[in-house]
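Just so it is clear, A, B and C label the chains in written order, and each chain counts residues from 1 on its own.
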Amino acid sequence: MTAREDILGRLKDKARPEPPPAAWRSRRQYADLAGSFIEALSGAEGEVLRAENLEQALEQLGRLLEDLQARRVVVNDEAPLSDIDLSSRWPALDWHIAARTPGDLREFCAAADVGLSGANAALAETGSVIIESGAGRSRLSTLLPPVHIALVSTSLLTADILTWAAARQGASLPASLTLISGPSKTADIEQTLSIGVHGPKRLIVLLYD
Amino acid sequence: MSTTFPQFRSRARRGILDEHLQQALDHTTEIYRTGRVEALGKLLDSEALRDHLKAIRSSTLARLAEHLETFERQALAAGVQVHWAHDGAEANGMLIDIARRHGVKMAVKSKSMVSEEIRTNAALAEAGIKPVETDLGEWIIQLAGEAPSHIVCPAIHKTRQQVAELFSRELNRPVSTEIPALTNEARQTLREKFLAAGLGISGANMAVAETGSIVLVTNEGNGRMVTSLPPVHVAVVGIEKLVPTWADAAVWLELLARSATGQPLSVYTSVITGPARPDDPDGPQEVHVILLDNHRSDQIGTAYEEVLQCIRCGACLSVCPVYREVGGHTYGSPYSGPIGAVVSPLLFGLEGFEALPHASTLCGACLEVCPVRIDLPRMLLELRSQEVGERILPWYDRVVERLAASLLASSRRWSFLADLARRLVRPISRNGSLRLPGRLNPAQPRNLPTLSRRSFRAVWQDGEIGDET
Amino acid sequence: MSQSSQHSIGSRQPATRHVALFVTCLVDQIMPEVGVAATRLLQRAGCQVDFPTEQTCCGQPFYNGGFRKESARLAKHTIEVFEAYPAVVLPSGSCAAMIRSEYLHLFRDQPEWHERARRLAAKTFELSQFLVNQIHWQPSKPPNGSTVTYHDSCHTCRMLGVREEPRLLLRCAGYSIREMAESDRCCGFGGVFSMRMPETSNAITAEKLRLAADTNASLLVTVDPGCLMQIRGLADAVDIRAEHLAVVLEEATR
């Protein structure tokens, strides 16, 4: 008998009818989803810049890249970035678009100053940005560089993880889905907060309408 | 590895005298305690959510086989290679096989309690594969050759000077004692390991049956690194980590970080559903999940089943008066505090860990804060009763207790002997205490009480409590 | 002769309540003044107090040590001694909790005893619980200028849910209360724990004493003789006196 058969057999012998509870319904509702998102993410040492539209957000992005003195930027090939000719707009920078630009993505990510992405969803209660892997969507682009900038439309906002999960019911998942709720941190040494351990040291969200 | 009474006591003494540990315990547990209250207070229905999570956990365990089968089916469909292991030896064996098949020389690990439980690092090292812990706290204690001393904050007992010393020994050069500098050293050194490792090993906070996914929760990002950089990822998952649906997983996640550290969510919640898809620009080529039993199935249907509902938040540690005084190493197990006192004997054997069920005043603070309301005091009592039944307590213990019980069964016998005793202790009593020289007082420096000059029943029977009306 | 086991003290007029006092073994043999004070308080509140002399121990120390058989024997004895009374009052939160909650677990496999335990549990109370919730007795003394701090014994607050009652009585008796930080943090007694793991026990008590001393109150009050005993054992080290609620209230309401 294999371990599988053994373990399952033992568990089945002891199984008992105990119905699960009815699905939970979140009561969380925000009058100002964007405001709550900003409060929550700022509270976790994340940074949020507010823009009235995508064009304004892109202008903010330009200023940010300048302030950061960024040289190399890796970017996911996804909305809203895929339709923008980034290398034309900011030709002085060395751009690597995931799955489009030739060359070693991993090497580039490890050497990049900034990782740029969109998002699939955002949670107001916890200040989370949800990113997924997929065609043109690298995991390492938002993980290896010291700064991660995410362009997030307010239309992606939902109240909390419970509401988000309920809405996803049955939907399939990509190989990797990550809820990011701030820059990387630890308090493992003397319970003192340290930002930027393995993941990015800064998480900057450009939140636009 | 064992924790007998003498072992617990001598380790406890060391912990109590360790000033840095005492400060760290006070400081950390207070942050976690107040953080938890504040964070749960921001939820609209935290009590109802706790009840709901408990119902999810309980009903899941009731039909665990079904959920495991669903998980396996979904995981296989997503390209995961699913393995089943009776115990740690089998699980480690599988890990080593996978590593060998890929010619792995070095593996990076994200924090996994289960891997401490089954001593994966020792097994890998013996097989010529170098395991590198990447959670900062875990890396620190790996360098120190120590066990974790807290479920969430493993290196709680280390000063920054000690950490600097460990780092400089590892890196062969002097290292600053400033915390930002230390963190940066870890970032750089471990970054190289992440990039070079042939294998990533993780645990899982939960396994979601609905989609065959595992969920990893970290603040540092090492969970993402370990599961995205190396070409092969293996997750060792206790079978009790199953959760049926995403709606259930969301409830679990909503309570986990708040209960553990007071954060609304940990910085990174990674959901892994199989290896990289054909169009994914990066990600591991192979993802394995080893479903581990190791005595978990034994608990189903017993008085201890509830303990499998634990979500490893560590809230019970932060409120336990015993843990707060002695620290995690005193328990002699990777699982310390109230949950450890119950789980360690169940996993490693009651005989050998007989002190742990007694390392508690049964104050009930743990039950109060447990997100899934595990009745740990009840299980500690159950284990104590088991010790008596299995004759694990020393014989003189049993003799004394049985004698005392039979004395107390009769008020006449009890009164007579008590009055006799009070005459005997009179000469060594003063001001309500027994005056014993230090060496003869087992509770030293605490004074033990003496018997009163007269018993209450004597006072009553002499009609001395007058009628006030 | 049969009178002596049913000897009672109380008002000559028909009493408002007839109660049996279960003093508990610690009070009986170590701090009888607590039992005396409890009796007088109950009397003052209009009760007729009986002391069934057959009483011994509720069985808690044995239960906590894992000696279920021995504990059951004492629990059965306790049930037999007290079940005929309309109400049972104890100057001990942990012993009251033993009867009110743990007896039901102890007899889970014995339906007849379980039922008898359940009936007894329904009419068994810790002293302050009884005074405030059952007979609605409150003293009314003007503020006496003294400040006390109150220790929430573990079983009393977590198992019985008694937190407000002792505080209410203290305030009505004229005391002002200065709360210590973590008033419900364990005192370190834990019964036999205090002897099996004395260094840990003492460390826990030392912390409790430190928190109590920080309030600068001159008196620490508790409803549990076990806690009282433990705290007094180390109270020499700090400048604080520890006393049972019954004694404090009795003094204040003479």
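By our rule, a contact is a pair of C-beta atoms (placed from the backbone, for glycine too) under 8 Å apart; a residue touches a chain by one contact, two chains touch by 3 or more.
Here the structure is a predicted model, which means the values were calculated and not measured.
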Would you mind checking which chain's C-alpha centre is most distant from the centre of chain A? C
Which chain has the mean of its C-alpha atoms lying nearest to the mean of all protein C-alpha atoms shown? B
Let me have the rounded angstrom distance from the C-alpha centre of chain A over to the C-alpha centre of chain B, please. 30
Report the inter-chain centroid distance for chain A and chain C in whole angstrom, where each centroid is the mean of the CA atoms. 56
Give me the residue numbers in chain A that touch at least two other chains, ranges are fine. none
Touch list for chain A against partner chain B, complex: 2-4, 6-8, 10-12, 14-21, 23-24, 27-28, 40, 44, 98-99, 105-106, 110, 125-128, 133-140, 143, 160-162, 164-166, 168-169, 172-192, 194, 196-200
Write out the stretch or stretches of chain B touching chain A in their complex. 24, 27-28, 31, 44-45, 49, 52, 55-56, 58-60, 62-66, 68-69, 78, 84-86, 90, 134-137, 140, 153-156, 158-160, 163, 179-180, 182-184, 186-187, 190-191, 194-195, 211, 213, 219-222, 224-225, 227-229, 239, 244-251, 253-254, 263-277, 279-283, 291, 293, 297, 300-301
How about chain B: which of its residues touch chain C in the complex? 5, 8-9, 12-13, 16, 321-322, 324-326, 357-365, 367-368, 378, 381, 383-389, 393, 398, 401-402, 404-406, 408-411, 414, 418, 422, 432-433, 442-452, 454-461, 464-465, 467-469
Inside the complex, what are the residues of chain C that reach chain B? 4, 7, 9-13, 23, 25, 27-32, 35-36, 39-40, 43-44, 51, 53-57, 61-68, 70-71, 73-74, 77, 105, 154-155, 158-159, 184-186, 188-191, 193-205, 207, 229-230, 232-234, 236-237
